[in-house]
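By letter and in written order, the chains are A, B and C; residue numbering begins at 1 in each of them.
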Amino acid sequence: MPIGKDEILRIANLARLFVSEEEIGPLQRHLNGILEHFERLKELDLEGIDPFAFECDTAGSSRQDAVSVWPGREDVLAQAPNREGDFFRVPRILDESDEVHLDECR
Amino acid sequence: MNAAEMAKAVREAKISAVEIAEGAIGRIRLIDSDVRALLTPLFERALEKAEEIDRKIELKQDPGPLAGVPVIVKDNLCMRGQVTTCGSRMLENWRPPYDASVVRFLEEAGAVILGKANMDEFAMGSSTENSAFFPTANPWDLERVPGGSSGGSAAAVACGYVPLALGSDTGGSIRQPAAFCGVYGLKPTYGLVSRFGLVAFASSLDQVGPFARSVEDLALAMNVLSKPDPADATSSWTTRPDYAAFLGRENLKGMKVGLVSEFEDYPVQSEITEALARVESILREAGAEFVPVSLPTTIEAGLPCYYILAPAEASSNLARYDGVRYGLSAEAESLMDLYMKTRGLGFGPEVKRRILTGTYVLSSGYYDAYYLVAQKARIRISREFRSAFEGADMILMPTTPTLPFRKGEHQDDPIQMYLSDVFTLPVNLAGLPGLSLNAGYSKSGLPVGVQFVGPKWGEGTLLAAAEAVERVLGKPTCAFGGEKA
Amino acid sequence: MRKPRTPVIGLEIHVQMKTESKLFCACSTDYIGAVPNTNVCPVCLGLPGALPVVNRKAVEYAVRTALALGARIGLSTRFHRKNYFYPDLPKAYQISQYDVPLAEGGRLPVGEEEKRKWIPITRLHLEEDAGKLVHSARDGRLGNSEYSLVDYNRGGVPLMEIVTEPELSTPSEARDFVSRLRQLVRFLGVSDGDMEKGSLRVDANVSLTDPQGGLGTKVEIKNMNSLRSLERALEFEIARQEECLERGEPIRQETRHWDDGKGLTRGIRGKEEAHDYRYFPDPDLPPLVLSEAFVEEQRRLLPELPWDLKERFVLQLGLSSEDASTLTELPGIARYFEGCVREGASPNRAANWIRTEVMRFLNEKKTSIENFPLSPEKLSRLLARIDKGQLSTTLAKTVFERMVTENLDEDEALEKAGAIAGKVSGDNLREMVKKVLEKEGPTVEEIKSGRDSKGKKRSFLCGLVMRESKGQADPAEVAKVLEDILDR
């Protein structure tokens, strides 16, 4: 089923991406184009393939539990779009309960 | 002079690093107003670094294998304190507080970084027209594109600004512009070169690699770039060979080169087919044996597979550009407003297309139907390559189906644009090394490239074969004449 | 037939692990009281180009916990990205584990011996913590805030998420489960398990079975930051659901917030459409592959589990269940007690003293057993004197007091307490005995007329003398003196 306008808007919202009225049409056509191409994959025989079976010779790589202090902190805060003292500042958070999960479970 | 000769001359104090840098800067000033390969020149800094190199020489210290060699790096590689835009409004004024590992490797080896190269926004594109700032022109025909996304780096080497440049390759972004600009471009095996400090597009496909105008320089660059990096968990610990050691073979006896049967009837411009034939006969002459290999579904499956997986990863990698910590940040009433506006304003059309595609294929209800199927197809493609390499040491195939196209030619049809990566992106899906080399010029004077693809860790074979071709066709020449820096 | 509605409770617990550095970078995990945004680096700030590398110690801690719970360790698991936008999440995704968690299965006991019940664990996985928001409003509430401030010091601190099967049936059981888990992570030394400090956070799912015993609608409650508020929140929520159902109102599937001040749960208004986190394997991280040898090594490093220890204290040392529970609440206390027993102290007296004197001191001084001035050996020596009757309990307490507050060694303390045993002796003692006997004429008569076969009355008089001497007499001498006065 081709992707409709409200589907585009649903995804755009999920991606936190403002799209203008003019952008919607082209985006719709593009996405449907991609998915049309994708239909070819459906003809492939992919039976019994473990999608994550790619060999990986770095499996299990890890680091020691050692602390080091990073000196660049001020360079970051100095470039913060909206710095307030030692903090990054963000505008009013309206009800976004679908997003507060991590914040709330503390 | 190529990079190797420059470094040698500098180390032997026959020429100063400053002289070389000044020469390069001069040529950039002369030509780049037309080509526009550079996004950010770093001339003052470069001259200071060059002086440091010369001081070391005076003090009889060894500045390293790239002593005084001027290089240009793609603008998605972080350089501490230097604007790194990724060709995007989103990062227009962002100065990374740290160096990419490969940038560190280059400077530790004595290279002098002259500037940051133009690119398609966040490396998404095949023409460098998606740069948020300006397009780069093809040095051989200013009306045409240099390819992309590493178009600036490729053009810089083609124009002879520098003998070496760094690009990144996610679906062909080194090899396709190398072919379009008539230079060498090597996309290493996934995990060979560190990604730490490379601004991510699609993490499981991205690799950093060199552009050069001589095979010797490619090997030299690989010796510097290809190091295990504890800061990149996907960086392999396998010990690297000395890539220079693969060069100087007087013939290719015993080397099996594969030709992909399925590719024969894929529409490719005649001049590219001719170039392939040219290279084939050169390799035969050198003693290589040709064998047919089969990649039954690679060409069919590659494109759709790639254009599901790469956007999926990109949609997540680019979610961090939210206007809170760095980069563009829109005036906003609320947090939601900040997100929507910042990202709506900061990203160009192609980036938006990919973010939305990626978000869609990962969103609930579509993951299994798209992302998972594509992931399976990816496994299948890498298996096809693996069995192909049971009978061959490397594969000879086109880099691109067409010669460099005109600016704007594909702007209203992105999917047409995607097709120019049809031969390169399967190589990323399989995590293999790919080398694009110049194999002559079209009647219209445009460079024609072909591609060598190897098995994992097969870079050495590709370099040896490329050298054999270089012996016959000669080193790629610079656009705008002159065998300059 | 109509059954009573019974509560069905499941818990989701986030435990902060006390590694030195964060889960994917070398920044310190010690964020409490740190200047905002000081424990940060390109990785935990999500700067473009930065990449995560997993902390081996965090994996060890999680594996140890999983083994202690008797869970099955996955030898090859993956990290996933949980994608959503929020200012405390610098990459706009949390690195977590999804379809293949580090461990599955396992169980934890609640309730006492005979009523002990094993609560099955669903899964245990690794994930990174998020940063912290400070809301501008005076009451610190998000709702009333003009703007918020973000501090990433906590971002990237390693968490274990532990999910139980919904098999807890009362608020007190849930409370017990959490305190057992807290006890466990403390014994394993993988977390300080402090709910108030947020190093252990509990979310709960509550529903009521319908009259036919079928499952009801699940409500998630959050924001309980003490064992007590967890229990209260569950009690409130269960009552609330019962009332709703009595009134014939359906239960809304929702997330509710516990308001500790008001003592009620409040539904979080707004879109209740399911989250779409777009989980997918994190391409920056290779599979987390563990060798059998590694897992065995972690198993070898497991200490005796608190509930086994408690059982041993009851069965082998004859402690009461309460004493055993108190002594096994904290690993340090348990070790201290065992030390005393090893030094020859009688288990019950040692247990008793640790519960009362020692713990009182620790509470008053707000310190932990680790920096308690008296070694188990010293305490045992003091207790031995009581057993030998050289010291009365009261006097021993004053001596103890001086030893811990003035850091005196035992003899000095005894000296100062004027409690050298046998100080009241010889003639003074003889006088004291006489005085006592005068007051106890009748008893003396009974003894003299031989009505004290079991010697009860004699020891009664002995006691009186000891009390008179404030324990400063040697009981043996008292007995001797009594004898020859009575026998005259």
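Operating definition for what follows: a residue touches a chain if its C-beta (ideal position, glycine included) is under 8 Å from a C-beta of that chain, and two chains touch if they have at least 3 such contacts.
Since we're looking at a predicted model, the values are computed, not measured.
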Which chain's mean C-alpha position is nearest the mean C-alpha position of the whole protein set? A
Count the C-beta pairs in contact for A-C and for B-C, then report the pair with the higher count. A-C
Distance in whole angstrom between the CA centres of chain A and chain B is 25
So, in whole Å, the Cα centroid of chain A is separated from that of chain C by 40
Taking each chain's centre as the mean of its CA atoms, chain B sits from chain C at a distance in Å of 57
In chain B, what residues contact two or more other chains? 94, 97-98, 230, 233-234, 315, 319, 322, 324-326, 335, 339, 359, 363
Where in chain C do residues touch at least two different other chains? 42, 45, 47, 53-54, 85, 87, 150, 276, 278, 286
Considering chain A alone, which of its residues make contact with at least two other chains? 14, 16, 52, 58, 61, 63, 72, 76, 88, 90-93, 96
Using the touch rule from the top, collect the residues of chain B that touch chain C in their complex. 76-78, 84, 86, 91, 94, 96-98, 100, 195-200, 202-204, 230-234, 312-313, 315-316, 319-320, 322, 324-326, 335, 339, 359, 362-364, 367, 371
Chain A partner contacts - residues on chain C that touch it in the complex: 12, 14, 19-21, 26-28, 35-38, 40-42, 45, 47, 53-59, 76, 78, 84-89, 94, 130, 132-135, 142-143, 145-152, 198, 201, 203, 222-223, 255, 257, 268-273, 275-276, 278, 281, 286-290
Sort out for me which residues of chain A touch chain C in the complex. 14, 16, 52, 56, 58-70, 72-73, 76-77, 84-93, 95-106
Which of the residues in chain C end up touching chain B in this complex? 42, 45-54, 81, 83, 85, 87, 90-93, 150, 274, 276, 278-280, 283-286
Tell me, which parts of chain B touch chain A in their complex? 81, 93-95, 97-98, 191, 230, 233-238, 297, 300-301, 303-305, 307-308, 315, 319, 322-329, 332-341, 343-345, 347, 349, 352-353, 355-357, 359-360, 363, 370, 372-380, 382, 414-415, 431
